[in-house]
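Below is one structure, written out as structure tokens; the observations come after it.
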Amino acid sequence: MSKITIPFGPQHVALKEPENFMLVLEGEQIQGATVNLGYNHRGMEKAAEERTYLQDLYLIERVCGICSHSHTTCYITNVEELAKCETPKRALAIRTLFAELERVHSHLLWLGVAGYEMGFETLFMYTWRDREQVLDCLELLSGNRVHYSINTIGGVRRDVSAEQKAEVLKRIDYLVERTNYYIKLATEEPTIFARTSKVGMLPPEEALRRNAVGPTARAAGIARDVRKDDPYLIYNELDFKVITHNTNDVYGRLVVRALELVESYKMIKQVLNGLPEGPIAVKVPMRIAPGEAVNHYEAPRGEDIHYLKSNGTDKPERLKVRAPTLANLQSVQYMLEGGWMADVPLVIAAIDPCMSCTDRAVVWDPKLGKKQTYGWAELRKMAIERYKRRGVDFSRLG
Amino acid sequence: MKIIDKLITWSLLKSPWILHFNSGACNGCDIEIVDALTPRYDVERFGIVQKAVPRHADILVVSGPVTLQQAKRLRTIYDQMPEPKFVMAVGACGCSGGVFNGCYGVIPGVHQTLPVSVYVPGCPVRPEAIIDAVVKLIQSVEGKK
Amino acid sequence: MSEFENEEKIKSALEAKFKGAVTNAVVQRKNRVWAELEAARLPEAAAWLKAEGYDYLATITGFDEGENLGAWYHFTDTHQIVNLKVKTPRANPTLPSVLAVYPGALSYERELEDMFGIKVPGLPPGRRYPLPDDFPTDQYPLRKDWKFVQPEDKEAK
């Protein structure tokens, strides 16, 4: 059996990320995997030092389009802590509302991507169609479908009116119904189980050792969630469960995300029905007194942590962002090794990566001395074909 | 409804195949591009099909401010596309680097790496804007003929 | 300060265990403890913190303070965050690795090398992170004396 090295980084239809994974194959099985990053490096931390705190709000939002609210809220929490300002309760509640709406849109997005990777395109179309309801809510409340920029230093930019609240609740009721269907699908459909069970195994000791976060860790039974462990915004007043599963595989990650959707709907209803009265923002001076702050936030993908140092001017001294996917990448290496080529797209998709992509896979067989080029789409197709031959076929599900 | 008529007209004449490339974007534009495929916007009914291989594509849709690491790959992909080919720079980042203009890790704006045929502003772009951009692009090509 | 019992506990234990090497230890607020540590004791402190339940190294924040470079190590048990500051002279910056205790720290330590030029001995061979492959290896963007001037806009053919 010759060893084949595949530099693997997708040019993607549904997963928009460039992580370059180097896979060493022995036949069909993966012997070794390394993770190479940096395709998305833009130089934001340096730029942040040259912009004011308010300008940085809009810069930090664009660390990631899918979890933009996570980054601005974590950043603004740091700024407000250093400025020693009392953010009004109503503003915190509105931020929480957006946080959970973001989690819903992100998990639905992921469900669709996972379905697409498995070859279950109908699931992709269903979930993304339903996701439009959430984007409608976000657009209604903030003015934009993505990058809602609802935060400002000292509070939020816009208030929630009674009509908007009614519209959002209506859509959430629709989504609750649809999500129950997805949960049923995820837990009862044998084809999904066949593609995801025992795939991408990450036992709890390894998850802890490699500092995995978010649903990836919770699928290994690790009950860690920043919303419960170190509550921020108004999470200490909301009633919700931390969802874990114990199968340590992609199936577990699927179940965890689906059930987290249910908890998010619960929280959105609680926030909207209990919005505290009061102003939506307080004035904060442009110059922030010297100090340091660190805060973390449970983004849809896991713990997002920010560090901020102020120096008395209107620009930060140092701003550090560690997005959740970086913490999960070391675990991916472990999950890939010992697995099968056919499982690669799904395992990588299962950590819900938030980076950015485009490469082709080059397969070199040293024995034959030939080079062959594959794209992620071809690898995905090959994976689906391989599973079809084993009787796992989504096309009959329509 | 006028746009729909025009679309139907030339979708009979031409069915543009697009290749999407993320040159270091935050994914905001990318998920809106993918959104264009989903049932609410459903560009496939206009014949716009997303392809995965450069050799099959007519339009290269580029999102992102073009990070240093991606610039060479972007150029390579463009060079592999057969004529006639067009480039659509999507989002504020694609047009000018957007909020990343001034960052050391980017060559701001797709036009500094590839010749751009159409710019689509927005942060992120709306799916309707993407469809509109494809229409305008095709119309301008038809016009030239 | 009885409302910050847990925080006081870990702060005192840290000061006791690393007598003399820990300075400026403070309980900033609920769930936040900050302290400075002698760089040489870092791997020992990391192992000790892990045994005390701080089994997550959330991230490492490098900094440039002029005469010294250094980094904040943010340890957490997901409730509390214990932040340790270690310094190293600008003339010859180097920090010990904590990979043996926290294998998940690889990307963060590579970042210290790439962005600040702080040598971390013992890292496995591999591609640099996060800078692009052809970025010069003797330039450290996050240092305060590194300035970027954007080249003029040029249209491609």
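Some notes on this structure:
Letters A, B and C mark the chains in the order given here, with residues in each chain numbered from 1 onward.
FYI, a residue touches a chain if its C-beta (ideal position, glycine included) is under 8 Å from a C-beta of that chain, and two chains touch if they have at least 3 such contacts.
As the structure is a prediction and not an experimental result, all values here were calculated from the model.
Just to note, of B-C and A-C, the chains joined by more C-beta pairs in contact are A-C. Each chain's centre was taken as the mean of its CA atoms, and the one lying most distant from subunit C is B. As a whole-number value, the distance joining the C-alpha centres of subunit A and subunit C reads 25 Å. Subunit B and subunit C have Cα centroids lying 40 Å from one another. Residue positions 38, 41, 43, 46 of subunit A each touch two or more of the other chains. Counting partner chains per residue, subunit C has residues 131-132, 141, 148 touching two or more of them. In subunit B, the residues that touch at least two other chains are 67-69, 102-105. Within the complex formed with subunit B, the residues of subunit A that make contact are 11-14, 16-18, 38-44, 46-47, 50, 58-59, 62-66, 68, 109, 124-125, 128-129, 132, 145-147, 354, 356-359, 375-378. By the touch rule above, subunit B contacts subunit C in their complex via residues 67-69, 101-105, 108-109, 111-115. Interface residues of subunit C facing subunit B in the complex, by the touch rule stated above, are 131-135, 141, 148, 150, 153-157.
Those residues of subunit A that touch subunit C in the complex are listed here as 34, 36-38, 41, 43, 45-46, 208-213, 224-226, 229-230, 292, 294, 296, 303, 305, 307, 309, 318, 320, 322, 326-327, 329-331. Partner subunit A is touched in their complex by these residues of subunit B: 20-32, 34-35, 38-40, 50, 52-53, 63-65, 67-70, 73, 77, 98-100, 102-106, 123-124, 126.
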